[in-house]
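What follows is one structure encoded as structure tokens, with my remarks underneath.
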Amino acid sequence: MRKMKSTIQRSFSNFFFEYETPRQVLVRNRRVAVVCRIIQLGVLSYIIGWVFMYEKGYQTVDTAISSVFTKMKGVSYTNISEVARIWDVADYVFPEQGDSSFVVMTNYISTVGQKQGTCPELPDGKNKCTSDADCDEGKYKRHMTGKCVTNTSTCEIFSWCPVEDDRRIPDPPILQTAENYTLFIKNSITFRQFNVVRSNLVESVDQNYIGRCLYHPKTDPLCPIFRLGDIVERSGFNFSDIARVGGAIGVLIDWDCDLDLSIRHCKPKYEFYGLYGTGKNDKVEKPSLGYNFRFAKYYVEDNEEKRTLMKVFGVRIGIIVHGRAGKFDIIPTFTAIGSGVGIFGVATVVCDLLLLYLLPKRDFYKSMKFKHTEVQDVEPTLPPSQKEKELPKVTYLSTADR
Amino acid sequence: MRKMKSTIQRSFSNFFFEYETPRQVLVRNRRVAVVCRIIQLGVLSYIIGWVFMYEKGYQTVDTAISSVFTKMKGVSYTNISEVARIWDVADYVFPEQGDSSFVVMTNYISTVGQKQGTCPELPDGKNKCTSDADCDEGKYKRHMTGKCVTNTSTCEIFSWCPVEDDRRIPDPPILQTAENYTLFIKNSITFRQFNVVRSNLVESVDQNYIGRCLYHPKTDPLCPIFRLGDIVERSGFNFSDIARVGGAIGVLIDWDCDLDLSIRHCKPKYEFYGLYGTGKNDKVEKPSLGYNFRFAKYYVEDNEEKRTLMKVFGVRIGIIVHGRAGKFDIIPTFTAIGSGVGIFGVATVVCDLLLLYLLPKRDFYKSMKFKHTEVQDVEPTLPPSQKEKELPKVTYLSTADR
Amino acid sequence: MRKMKSTIQRSFSNFFFEYETPRQVLVRNRRVAVVCRIIQLGVLSYIIGWVFMYEKGYQTVDTAISSVFTKMKGVSYTNISEVARIWDVADYVFPEQGDSSFVVMTNYISTVGQKQGTCPELPDGKNKCTSDADCDEGKYKRHMTGKCVTNTSTCEIFSWCPVEDDRRIPDPPILQTAENYTLFIKNSITFRQFNVVRSNLVESVDQNYIGRCLYHPKTDPLCPIFRLGDIVERSGFNFSDIARVGGAIGVLIDWDCDLDLSIRHCKPKYEFYGLYGTGKNDKVEKPSLGYNFRFAKYYVEDNEEKRTLMKVFGVRIGIIVHGRAGKFDIIPTFTAIGSGVGIFGVATVVCDLLLLYLLPKRDFYKSMKFKHTEVQDVEPTLPPSQKEKELPKVTYLSTADR
């Protein structure tokens, strides 16, 4: 009992008062040493220079949650068949409440005064009929009455009548002046992990500046007011083209913040690129160009429900926020150091391979590095001057070389 | 001075021309060696097979930022009380501009010609009154006038009148044929870090193919045109049910791209699942089934503002894009290797424990592995033939065993 | 041939039946040992306590993809110039279909019966003119006719007439009672990697509970029904202020799930904060307060298209879902262990520095730890009793000390 206690005590004191460190061989060989030092310096400079300085491996990273509000401004004047008309923001933005994704109407085909009834299909070449027999009732795409209208050579259908005639898209686009509209973007981001809230109206963007600025990548990179024509051109489109048939544009607000610095340096960058369509990122023409949608304004006239159907072509803008902030944190720092030390181990392995397998004196170095515990079989295939001659080692070692 | 300089020089040349490598004991013991090699092989195959091959630990990962545009197609014909009516896309999609989240109306309760005024509440059983005293003015939910209407036994309220009667949901759903509508999805994703832009209209999806294809998981997995009925059924709903009371469906576009391969292999996968409701993912019935919302079409008739209130039941589709791309990068590769080397160290520790604490000859191996720096206390509890007999070691070692 | 075969065989058997382990020096020095043990214990407790227990380094993490549906309830009664009016959900929510981002109208300026025509600009002080010469035609912001109207001293413009007069924002806000509206939020999240789907209507939130509960952070933290006034106040606004000029609020649904526990513990947390404006997160006043947008209700009267323009002030609510789930996984576990072992290596390096450069007996320890492979230059600067006296070592070592 006493014995055991003292054993435990001694183990315990051994553990606390003894410290083990690996025994090393110092190999005095210039070739190996220089190669190894270079490898080690390479690893070290990789860890410090790349992982720590460039990639900021000592930082923990959070992505932003964000909220976007948009507001268009501008007025267009059109004069179609002697009918003048003004278009303001309530007329040309969909939806109206300032979402992060919205459409600015730049062209349209309107069909005024549609009501439920029967009328012939559009004679666009695909719907020809010569007799009533060609007009099957109950087809899914259109609801046919079974009659072929001789006038247009198309089937009669039950539909909102008259049917929309979208064979010709107005050219030039009706609202070509949409180019001069301005877009105001408000963006708020939150880095939950760091408890940081930030708006794209940063310190230098005050009320006065907003009143007179217009975004320009060089001179006004922080102004949150954008000219629609600029957005379109910076994303690689031609305004006349996109205004005529429509198109989609992504506006990227990119936040890349180093929160180890002052929060004032956390600023947004704006980027513009074309989506789906003829934008700069698409080298080849993609199947589905253009952008349009239909909507209807309903009204009651003479106790009948009518509607004005609008086929709207426009610039669809999607605002995408990409926020990323880094801040010093102990965990990624230690993980990076730990991995670095691991890679140092790889460097040692490479040097050892060099030392033990490639150098002329490799057998000598082997004998320096390794100690054997057991008598080995007699191995006549190796020269007697080397490692395998170590027959009497065991007893020798067990007494002397500990 | 000269002495010091030469010392520094020597230290420097020592550092550069000397290389240290740990001294090892080669333990010739089959049991330990086999166990250790198996552990080491396990670690190695884990690192190579799992971390590198399967999890692609050599890749850095970026998530996509994406933009979605949707377009429904299809026409429905209804015949209610001898009134025929055609519903086209401008009538049944909310919102109209092709957002990533939208509703397809499949059923509705319309209350035509509402105007501001007083009328009795709906006699739905909950609002009964027997005398004016039951009708407190100023309740928050309804604006009561304080009168009990004997006809319906409900309080009179000031409201849009007549009040909506939504006690009975039309069954079968009015727009049951919505099943045959098709949905066209355009999705553009951007991997910022790799400067890659990609659309779901991949190489094999050309204009011609889009004109005739319909999505099918087996035969047409890349066709971006979906039948509404298929979407509903693939997400675990019955179309008649969801069309009657409404429901929400998630369409997931999943991009998992290995950018070390050709960009052509970066293709979307489409998945469908029910949200909130009776979908396949919900094992038990959840409290709040169905989906509906109200909207109003306003008009002026006889100088009075009126509205048609629609309680819309429909399929709410939310398109969710989940994009992830990996590409070879030196940092995660080195991190993975570094961690792997670290785990190798764990393997060595395990083997050492085996060697030094479990084997019968453990004391011998201990004496091989460790060298003591100081004379230890006499320890009579251990057999004299072993480690503790090493009294004269210090002097011996300091001269002979370096 | 036979010779070579046997060499390969032996190498192979050596590899499998020999195990190498580093030789260590056991340094019996209390100071070093205690310091080292403390460093090692620190590293160990950091790895176990912080990386594993606190940061759950053994878990792989997935972020949620989510879908949100919202529904407002409540009715407001207004009485403006003796005209009573009821506002229900179809009147005050934009858009109507229950998106994750929507606006609740709390105040408005309506301009009834606008039609295309000419009328003088608003005399708001900025647009004064004294003669027709002040009214240049073709300015971009307004479409001027070139006439100065003496009555108002402003230019005549072609526009929707009469022009909106938004000089005075109604105070108190017209729909002040919006405070009592309730918001019902349905949120479904999916952790793709773990194949987990979850809704904010968790187990304890059944139909009965939903019918009567109202969110309160202490008493009803899981109730998905929120009073608008509560949301506004919890995000740091005053309801009267925000109702008058509008504002934006973020509702954050935060899921932080440990999927190693029962799924029942995976519950949402709701948080509210002001965006852009006067919220609690903004210490200083930001340039752009308030929130408003314009929309128009179109109608046809006497064969003329007219519209009612609404400038809507309101509470813009954006629901943001932040989902994160962790689950045990072998890869991050091994990565954490590997990094930990790497940091252990750093601890050893620190201790060695202490041992070899700071202790009085450092040269003795050096001689214990290192073995030289070559005869060194005679170094008279060091005392002859130490390391440098090892001249005859090479031969000695190569025969005896392996």
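Structure notes:
Letters A, B and C name the chains as they come in the text, with residue numbers starting at 1 for each one.
Here, a residue touches a chain if its C-beta (ideal position, glycine included) is under 8 Å from a C-beta of that chain, and two chains touch if they have at least 3 such contacts.
This one's a predicted model, so the numbers in the text were calculated from it and none came from an experiment.
Of all residue numbers used where subunit A meets subunit B, under half belong to both copies. The two sides are thus made of different residues.
Bringing subunit A onto subunit C by least-squares fit of CA atoms involves turning it by 120°, to the nearest 5.
As a whole-number value, the distance joining the C-alpha centres of subunit A and subunit B reads 16 Å. Residues of subunit B in contact with two or more other chains: 20, 22-29, 95, 299, 335, 338-342, 345, 368, 370-372, 397, 400-401. Here subunit A touches subunit B in the complex through residues 3, 6-7, 10, 20, 22-30, 32-34, 36-37, 46, 50-51, 55, 57, 94-95, 101-103, 116, 140-143, 158-160, 248, 250, 252, 254, 273, 275-276, 281-282, 286-288, 291, 293-296, 298-300, 307, 309, 312, 316, 318, 320, 322, 335-336, 338-343, 345-346, 348, 351-352, 355, 368-374, 376, 397-398, 400-402, going by the rule given at the top.
Here subunit C touches subunit B in the complex through residues 15-29, 65, 67, 69, 71, 74-75, 77, 84-86, 88-91, 95-100, 177, 180, 186, 188, 190, 192, 197, 199, 201, 205-207, 210, 297, 299, 301, 306, 308, 330-331, 334-335, 337-342, 344-345, 364-365, 367-368, 370-372, 377, 379, 381, 387, 390, 393, 396, 400-401, going by the rule given at the top.
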